[in-house]
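Following this message is one structure expressed as structure tokens.
Per-chain residue numbering starts at 1, and chain names A, B, C and D are given in the order in which the chains are listed.
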Amino acid sequence: MIDTPLRGIIPPLVTPLKDDQHIDLGSLELLVNHLLEGGVHGIFVLGTTGECTSLSYSIRKTLIKKVTKQVNGRVPVLVGITDTAPEESLDLAGYSADHGADAVVVAPPYYFGLAQRELASYFKKVAEASPLPLFIYNMPSHTKTMISIDTAKEVADHPNVIGFKDSSANGTFFNGLIYAFKERKDFTLLMGPEEMMAQAVLMGGHGGISGGANMFPKLYVKLFEAADKGDLGQVALLQEKVMEISAKIYALGTYGSSYLKGLKGALSLLGLCPNFLASPYTAFDDEAMLKLKRHLESLSAIPK
Amino acid sequence: MIDTPLRGIIPPLVTPLKDDQHIDLGSLELLVNHLLEGGVHGIFVLGTTGECTSLSYSIRKTLIKKVTKQVNGRVPVLVGITDTAPEESLDLAGYSADHGADAVVVAPPYYFGLAQRELASYFKKVAEASPLPLFIYNMPSHTKTMISIDTAKEVADHPNVIGFKDSSANGTFFNGLIYAFKERKDFTLLMGPEEMMAQAVLMGGHGGISGGANMFPKLYVKLFEAADKGDLGQVALLQEKVMEISAKIYALGTYGSSYLKGLKGALSLLGLCPNFLASPYTAFDDEAMLKLKRHLESLSAIPK
Amino acid sequence: MIDTPLRGIIPPLVTPLKDDQHIDLGSLELLVNHLLEGGVHGIFVLGTTGECTSLSYSIRKTLIKKVTKQVNGRVPVLVGITDTAPEESLDLAGYSADHGADAVVVAPPYYFGLAQRELASYFKKVAEASPLPLFIYNMPSHTKTMISIDTAKEVADHPNVIGFKDSSANGTFFNGLIYAFKERKDFTLLMGPEEMMAQAVLMGGHGGISGGANMFPKLYVKLFEAADKGDLGQVALLQEKVMEISAKIYALGTYGSSYLKGLKGALSLLGLCPNFLASPYTAFDDEAMLKLKRHLESLSAIPK
Amino acid sequence: MIDTPLRGIIPPLVTPLKDDQHIDLGSLELLVNHLLEGGVHGIFVLGTTGECTSLSYSIRKTLIKKVTKQVNGRVPVLVGITDTAPEESLDLAGYSADHGADAVVVAPPYYFGLAQRELASYFKKVAEASPLPLFIYNMPSHTKTMISIDTAKEVADHPNVIGFKDSSANGTFFNGLIYAFKERKDFTLLMGPEEMMAQAVLMGGHGGISGGANMFPKLYVKLFEAADKGDLGQVALLQEKVMEISAKIYALGTYGSSYLKGLKGALSLLGLCPNFLASPYTAFDDEAMLKLKRHLESLSAIPK
């Protein structure tokens, strides 16, 4: 059972890959340990950062099995089950439940565009059928569909829906969620973009799915704690480091994938993960990696 | 082996469903017969109209097996293998080859946004690995990515890429394809929206993936033949019927799904298919069906 | 008085500029003569190709005065009055009427996004107040708003609305217009993108606002005539030249402005207009102009 | 001369109108007094909330003249000069300077889409020619163009560029600005959406262009002060009121204009402004106004 609201840093686990068919199991173990030692409050497997939709179902299941086993209840494990086919989402939800995961996370189906009424009905159907409690995941840049606050409220009435993750980067929207759920103290509101995590917590959110925590879990944990305590001096100090990482590591490429390429490239330089992205993406080439190495080395000291 | 260029009407087969887990096999057989008797020049299984991405892999495979078996080489069978996970696309391609399909059709992965260079590399990788020849499928409203003409040309250099289906509805783009491929007489250019099929053929395209042919295959076949012969009088006459169907059957709802809801609703009224849409979509309700019935009955005579 | 429907090629006149404050009056006269000698069926001043929205009101008025005077009733002169401030649109409409223009053309206000109901109400207000008959102009890539067919039909009921120009490049939409207005034989339907002009006429449209006619008016006039007569062989021949121009002249740059830069660059190479674009755009630099020159010289023979 | 950075609440002044041709001068004076008495730190005339682009130039100039005269140096007056024609923007800048305004604000030209390089060149040209210091204004939902952080940094090197107003609602972007300008203590960073003002100030921004301050200036001033002092308890209390206003007053309609309709409707109920929106918008109808009245009356106590 997951305690609600779920508070803190729940990194979207990067998926270490040897190639399109094989997880690098050694790196996976290393990375999960790195996160747990960094004090994270949960782990989110098969999110966007985990390249969920690029992975075969066989790889997705192996990942669920391995991570739940290794974590072994020390922190909650959330599993992304986003798909365009509800049957496949529910199959993953069942598999997650069977292997001891704590919750599942679902974004809107992302091929057909859906109206809000269709979205609400879809989420309620999944909530009804899922053996695990559900987080709703707003990711409009990838799914083409912005979940409205009214839809979020309607769906949250289902007892199996326990939280909402927002990756829209729209601060007006997130603050609208905080206002809309102000009477629902048990309902979890998590921020996607790590650059907005601290302010989300300052304003009343519960934490963040911060991708950079794969590299530097303690930094994001400390920033969360500072925001949670209202220590604005510490927030300012640590936030600047988060923004430095964002500017230097994620903004190198010119494509939509520069975040993922930068993150996985940096993890490989840190010895935590091979520099391989699942198709259709490809890793940075040598020239970009050289630049990334210089940027990584130029980072000011990160709290450990 | 498929003759190139592939010319004519290749309907995107509607998927008759009992519910989210079961194909209505009787209707499937009826519908395929209806199309073959209507003189279609091919059948495209698991396209957008076939609700490809909403169906479980198990259903997708059953569909491939049943349709290839029933068609039994009388016309080419094309199979949509579009997915976000290349491994799953290739698995479907292999399955299609094993069951005697003639070609596969692939749109860009639709969760992550891709740059043109990434797209080209992805398509070439799929072309290289696919046991069946490949059609590239441009569907920007659903995939978020418009394939550029330069990318199309680059990808078409791979010998396993034999055609391009364009559902952008952008006439400048389609005419740009015709110009770009004017020396490649073997390369097939197919029009997605049935409302543009006749003009596409008049301008040099090879045919259309016309959804309305599920209802009235002969109408679209005759319109194709008229356009192919340059019989403008006949084109004008039949095009008006196609536009009447578009205005009366597809434009009833207010959502993006009104085309699919209208088409499947009309097929159920014609006795060809249950009125069930795969989740996340839902069929028209009774009120909308009553209106659709009146519209369907008001259609002027369709050539048989 | 303008004859309806207005049929043929009505080029969107390029605006020859010395700099941001001054029209090149000599080039303007030259260019208008070039068009009239080329047999165009009308001239459209202050369209998107004429860089309408970039020009000061003083320049817009000078342009209206000079062109109407020079044309002197030989062909209809249409004037673009698109603006975000209705008062300014109507001021230009009044000025156009005072100087003998034949009609005005108005796209949706393009700063605020409008709902269809707001759009309809706006167009009817402008139609009511305009001293000249009105064409509605659909230009969603620039205005953010796609005019629906229902809105077009509703607005066309106003007696002062005489036509519709569609630059959406969406062939399904344009054919939808043709179907929707099939009983309104007097209502003019004009195609924006020159690459789609011939097929628009083949399917029942009345002509095109073809930008390339600034360079080669006779080509577009002949293509219109061929399509109008249903001479498909001639259409194929001339359409290929239009597509060659599109591929070689308009697609050189990487920005949205490459069409305008290519067109004005080519006109300067042809001695018809200075190579100056109104701010915020800038003309091609020397390197791009060299490439454009090679492309222009490589064009196959254009009918004269 | 304006002190930099400009800190605090600078409301985007609502434009009280009798009709499309006439300002309600009495209400204008009343409203400006209401803001000054509320303790605002500046006034922004002719912003998006002021319906800038819908107003004739004659009205825009009257507004500049009246407001600068009434304010008479008590707080800085900023004037929006956004236009698609640079000559008209500069004309307004000159007029603003002649009448004693303190700075001008310019968003990207909003008809043609611009590449970042073109944007940078445009802004530098305007900065060079403007007699008043310049704020850059990011408003992608209306201009179609997101100004990148690199462009912002490049443009900010011009000595006449003194600040940046961001209405993207993208918190990652705004925090990126704060990081990018961390060494430029004189450069002003202002938040557009009032729902994000407090957190922008907590994270290092300088204030907000808060539309709701037209109704309740003291609320926004107090919230700014609380955030500026780091008084998180007070921030939480006042932020909830800001979100209540946002949920109850701005979200009534279903169109993009519901913010403006709600704001102007509420101002009319408060006796501060006629309920008239400049074309192409229209005010709420009676039914919507009744609902708005109930919502307004249901607001919990606002600090005075």
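We take it that a residue touches a chain if its C-beta (ideal position, glycine included) is under 8 Å from a C-beta of that chain, and two chains touch if they have at least 3 such contacts.
All of these numbers come straight from a predicted model, not from anything done at the bench.
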item: Contacts common to chain A and chain B (chain labels); value: none
item: Relative to chain C, chain with the most remote C-alpha centre; value: A
item: For chain A paired with chain C, centre-to-centre distance based on mean C-alpha positions, whole Å; value: 49
item: Between chain B and chain C, centroid-to-centroid distance (C-alpha), Å; value: 34
item: Sites on chain C at which at least two other chains make contact; value: none
item: Contact pairs between chains, per stated definition; value: A-B, A-D, B-C, C-D
item: In the complex, chain C residues that touch chain D; value: 20-21, 48, 53-59, 84-88, 91, 108-115, 118-119, 121-122, 125, 141-144, 254-257, 278-282
item: Touching residues on chain B, where the partner in the complex is chain C; value: 169-176, 178-180, 182, 193, 195-196, 198-199, 202-204, 230, 232, 235-236, 239-240, 243-244, 246-247
